[in-house]
Every structure is written in C-alpha cells, then in structure tokens.
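In the two assemblies presented below, subunit A is common to both, partnered first by subunit B and then by subunit C.
Moving on, here comes the complex of A and B:
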C-alpha cells in the first residue's frame, strides 16, 4: 500500500510540473491564475497522501490551511467584483 | 492486500485519472473558458476520490470528517476562483 501511495504522490507531482508549462506560456493572466488553481488543488491532494504515506498527521492540518488559502489567492489577484452602487 | 485496501486503490487510481484529465485539459484546450471548464470540475472530482480513498484507508471518523471538510473547502475555493477568473477573462475580451 505504501508503494502505491508513493506512486500516486509522484504522479500528482508530475501533474504539477506539467502545469508549470501553462504558467510559462500564458498567454493571459487568467491562464496563469488557472495554473495556480491547479497547483492549489493538486498540492492539497499531495499533502493528504503524504500524511497517510509517511504517517505524519500534522500534514492534514497543513492541507486544511492550504485549501483555505487557495480561494484567497484568486480573490487577492483579481479582487471581488464591485457591487451595484459602486459601478 | 485486503478488501479495504483494494477499494482504496481503485478510488485512488480513479482520482489520479481525473487529476490527469484536468492537467491535460489545462495544457491542451484552446481558450481560457474551456481550460476553466476542464480544470475546476475534473480536479475537484479527483480531490473527492483521493479523499474518499484516504478515508477508507484511515477508517477513522475524525480523519474522515477532516477530509470531507477539506474537500468542501476545496470546492468553495474552486467555485470562487472559477467565477472570478471567468469574469476577468470576459472583461478582457470586451
């Protein structure tokens, strides 16, 4: 089971590496933020798998923190849409 | 390998497949909206399947609840991000 978890971690990390190509290529800022979204969700899965694989329960808390921050990144980058009276 | 591990492996492989689908969509699709469509849905399904596999492996209520919470927060983050990115991309066109 341990080997399978390790393989899954490796596979997801390869997904991350493939995502870097989109960050480099662009062409727009929205594409790069999409890659950041991919990094967010994949990293959470990697952390959860590693918590089970290396029997480090603390990594689950790290994953929880990461997923909480994942949404904030995009909001920080693009800003929330303006309300009706501000437009 | 017992029955429980078997279920977990099947779920894990399915999760990895959906992650792969999301990444391939991000790399291959033509414009921002198609990429958004491929990535946000496939990745969160993948996260759900990986979380389900780990919950089966852990066989513990506390860990399962934490995994479910992480998945729901992931869904929320993806929804908000997808909405904002789509909005930004459409503004860029006009």
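Moving on, here comes the complex of A and C:
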C-alpha cells in the first residue's frame, strides 16, 4: 500500500513538472494564473496522499490551508490589467 | 533508488529551477505567479523534511499572503505609472553570475559540513523533548515557543508591533479605492467571501487549538486570519480608515499585553519572570497573539492605520 501511495505522489509531482511548462509558456497572464491554481489543487492532492504515506495527519491541515489560500490569491489576481504581460 | 528518493529529487530540482525562473523572469507579473508556485513546492519540501509546522507557515505566509501582497504592489505600481510597466531591465547585471556562484558555493559548504555533524548527545533539542513530558503539551514547537524560549516569542510580538508603527510612520494612508481591486457590485464576490471568510476563522481556530498537541499555533493561525482580512480588503468590504479606534489599538497590542501581563503578574505569586502558570495561560496568550498577528498583517497589507466597514 505504501508503495502505491509513493508512486501516486511521484505521478502527481510529474504532473506539476508539466504544469511548470504551462506557467513558463503562458501565453497570457490568465493562462499562467490558471496553471498556478492547478498547481495548488495538485499540491492539495499530494499533501493528502503524503498524510497517509508518511503517517503525518497534520498535513491535512496544510492541505486545508492551500484550498482556502487559492481563493485569496485568485481575488488578488482578479482585475489586474490585461495585456501588460503579453510580450 | 526508491520512490521516496525520487520524490525528494524532483522537489529539490523543481525548487532550484523555479527559484532561477523567479529571479530571472523579465515580466514582474510572471515572477509573482512563479513565486506563488515556488511557495507551494517549498511547502511540499518542508513536509518531506518532517517539518509540518514550517509547511503550515510557508503555506499561509509564503504562498498566500505574500503572493497577494506582491500582486497588490504590482497594481499600485501600474496606478502610479501606467505608461511604464516596471519591468526589470534587459540583460542581467554583471555581478549576477559571480554572486550566484558564491551563494551556491556557500550553500554547498554549509550542506556538506552539516552532513558530517553528529547529533550532540545532550543537545538542546533532546533536553527540550525530555522536559516536554512534564508539561501538558504534545507539540514540541509550541513547548519551545511558549515555555522554554518564550522571551524570544515575546520579543517577536514586540517586533511585529514596531514594524506596524514604523510602516505607519513612513507611509501615507492609502486611498480607499487603491486598496480594493474588485468592484463591490461584481457578481460572485459576495458568494466567494461568504465561504472564504468563515472558513478562515474556522481554520485559524482549528490551528490555534490543535497547536498545543500537533502542528499549528498562534503564528500560523494569525496568518490565516490575516488572509481572511486581506480578502475583505481586496473586495472593499473593509476599507482603510484614518484613525485607529480603541478596539483596533487593543487588538493590535493584545498579544503583547497578555504575554507581559501574565508573565510579569506571575511574579506576584513568587514565581520567576515569564513562568507560565498552566495550559490555560498558554491558550489565553496564544489567542491574544493570534488576534494581534492577524490584525497587524491585515493592516500592513492595507497600508492603513485602521480598517473600517464599507460606508452604507
């Protein structure tokens, strides 16, 4: 079971690497922000798996925190002038 | 190489690549988004290092509040100077590569020498863990912060208050419209806030209460409260005010007052300075610290001496 959890974490981390490519490539700021939010969701999944894998239940609190903060960062991003980032 | 090592390797390489991108990116907004992503990976790295307390702090302050703060700063730069986006200049400075190499060498030296250090038989950490069994606390971090080294924590609260006073002394109060980013009438904002703000209070309370026995505590809880406040500032539900009222002044100093009050008051009963009388004192002090930290961070974020409700 532990092996399966570890492999699942590894798979999700590889997904994050693919996500970095999208953050770097864009092309618009909104694309990058959406990729960053996808990062957030994947990180939550990784944390929940790690809580089982490393038997650290406290990691669920960290996951909970990330879910909430994604909303805050989205509000902060909202309404940033478009077109300033497309170069 | 087993799975755990592969995960650690991916995290380590990912952090270095992201850090390089954050500092070398020309467009400011891209750097900010990459910084938020870096914070996420950093939190994962702390969990792999068995430090969930640090992961919580990194999540709340590093990725969340700092990311929002930098987006706000970028917006204000655009308001001040709309024609000239504040991009970093083309080409990198001539000292960039030598400084980077020097820093890398320093990190490598510290890392390699840390590998060769044997844990001290009577190290402070082991003594703290031993002493912890005499207290009712289950979380060694809280034990160190509030019992064994609580003078440090008390002074940290003082530093936070001084930072707020310093920021107030040098900055002119923000115009109410500058702090807010979202039209108050924008659809869905009310619904989002109705979920986010109660959630922030719930998570902050959970972290505070859990902090005595598992990762959590006043600093993380305060940062989460601040995140809820930041959401209210961003959506103009709370606006920068001119003068702090009695409630604001009390809330900002509550942590310091409770800490000093109990820590010095205990001397009247023949105890030494800052010897806390029991778990109830820890709860009182942590709650007061959470309120102070949360409000101080929110005020620093809004760049204002006070926050007032939206005029009807």
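Note that the second predicted complex is superposed on the first by the 78 of 87 C-alpha atoms of A that agree within 3 Å, B and C clash if a C-alpha of one lies under 4 Å from a C-alpha of the other, contacts with A are read in each partner's own complex, and residues count from 1 in each chain.
Keep this in mind: contacts are C-beta pairs under 8 Å (C-beta built on N, C-alpha and C of every residue); 3 or more make two chains touch, one makes a residue touch a chain.
None of these values were measured; they are calculated from a predicted model.
**Student:** Mind checking the superposed model to see whether subunit B and subunit C fit together on subunit A or clash?
**Tutor:** After superposition on subunit A, subunit B vs subunit C: fit, no clash.
**Student:** A:21 in the overlay: touching subunit B, subunit C, both, or neither? Say first, second, both or neither.
**Tutor:** So A:21 only meets subunit B here.
**Student:** By the touch definition at the top of the document, which applies to A:48: first (subunit B), second (subunit C), both, or neither?
**Tutor:** first
**Student:** According to the stated criteria, A:56 is in contact with first (subunit B), second (subunit C), both, or neither; which is it?
**Tutor:** A:56 contacts subunit C only, not subunit B.
**Student:** Tell me the contact category for A:13 with respect to subunit B and subunit C: first, second, both or neither.
**Tutor:** second
**Student:** After superposition on the shared chain, which partner residues are touched by A:71: those of subunit B (first), subunit C (second), both, or neither?
**Tutor:** Both: A:71 reaches subunit B and subunit C.
**Student:** Pick one for A:1: touches subunit B only (first), subunit C only (second), both, or neither.
**Tutor:** Only subunit B is touched by A:1; subunit C is not.
**Student:** Using the touch definition from the top, say if A:34 reaches subunit B (first), subunit C (second), both or neither.
**Tutor:** first
**Student:** Taking the superposition as given, tell me the minimum C-alpha spacing from subunit B to subunit C, whole angstrom.
**Tutor:** 7
**Student:** Once the two structures are superposed, pull the subunit A residues common to the subunit B and subunit C interfaces.
**Tutor:** Residues 29, 33, 40, 57, 64, 68, 71, 73, 75, 78, 80-81, which sit in both footprints.
**Student:** So in the complex, which bits of subunit C are touching subunit A?
**Tutor:** Those residues of subunit C that touch subunit A are 2-4, 6-7, 10-11, 14, 17-18, 21, 26-27, 29-30, 33-34, 36-37, 40-41, 43-44, 47-48, 50, 52, 55-56, 59-60, 63-65, 67-68, 71-72, 74-75, 78, 85, 181-182, 189, 192, 195-196, 199-200, 203, 206-207, 210, 214-216, 224, 227, 230-231, 234-235.
**Student:** If you look only at subunit B, which of its residues touch subunit A in the complex?
**Tutor:** Those residues of subunit B that touch subunit A are 1, 5, 8-9, 12, 15-16, 19-20, 22-23, 26-27, 32, 35-36, 39-40, 43-44, 46-47, 50-51, 54, 57-58, 63, 66-67, 69-70, 73-74, 76-78, 80-82, 84-85, 87-89, 92.
**Student:** So in the complex, which bits of subunit A are touching subunit C?
**Tutor:** Residues in contact with subunit C: 3, 6-7, 9-10, 13-14, 16-17, 20, 23-24, 26, 29, 32-33, 36, 39-40, 43, 46-47, 50, 54, 56-59, 61-62, 64-66, 68-69, 71-73, 75-81, 84-85, 87.
**Student:** State the interface residues of subunit A toward subunit B in the complex, per the touch definition above.
**Tutor:** 1, 4-5, 8, 11-12, 15, 18-19, 21-22, 28-31, 33-35, 37-38, 40-42, 44-45, 48-49, 51-52, 57, 60, 63-64, 67-68, 70-71, 73-75, 78, 80-81
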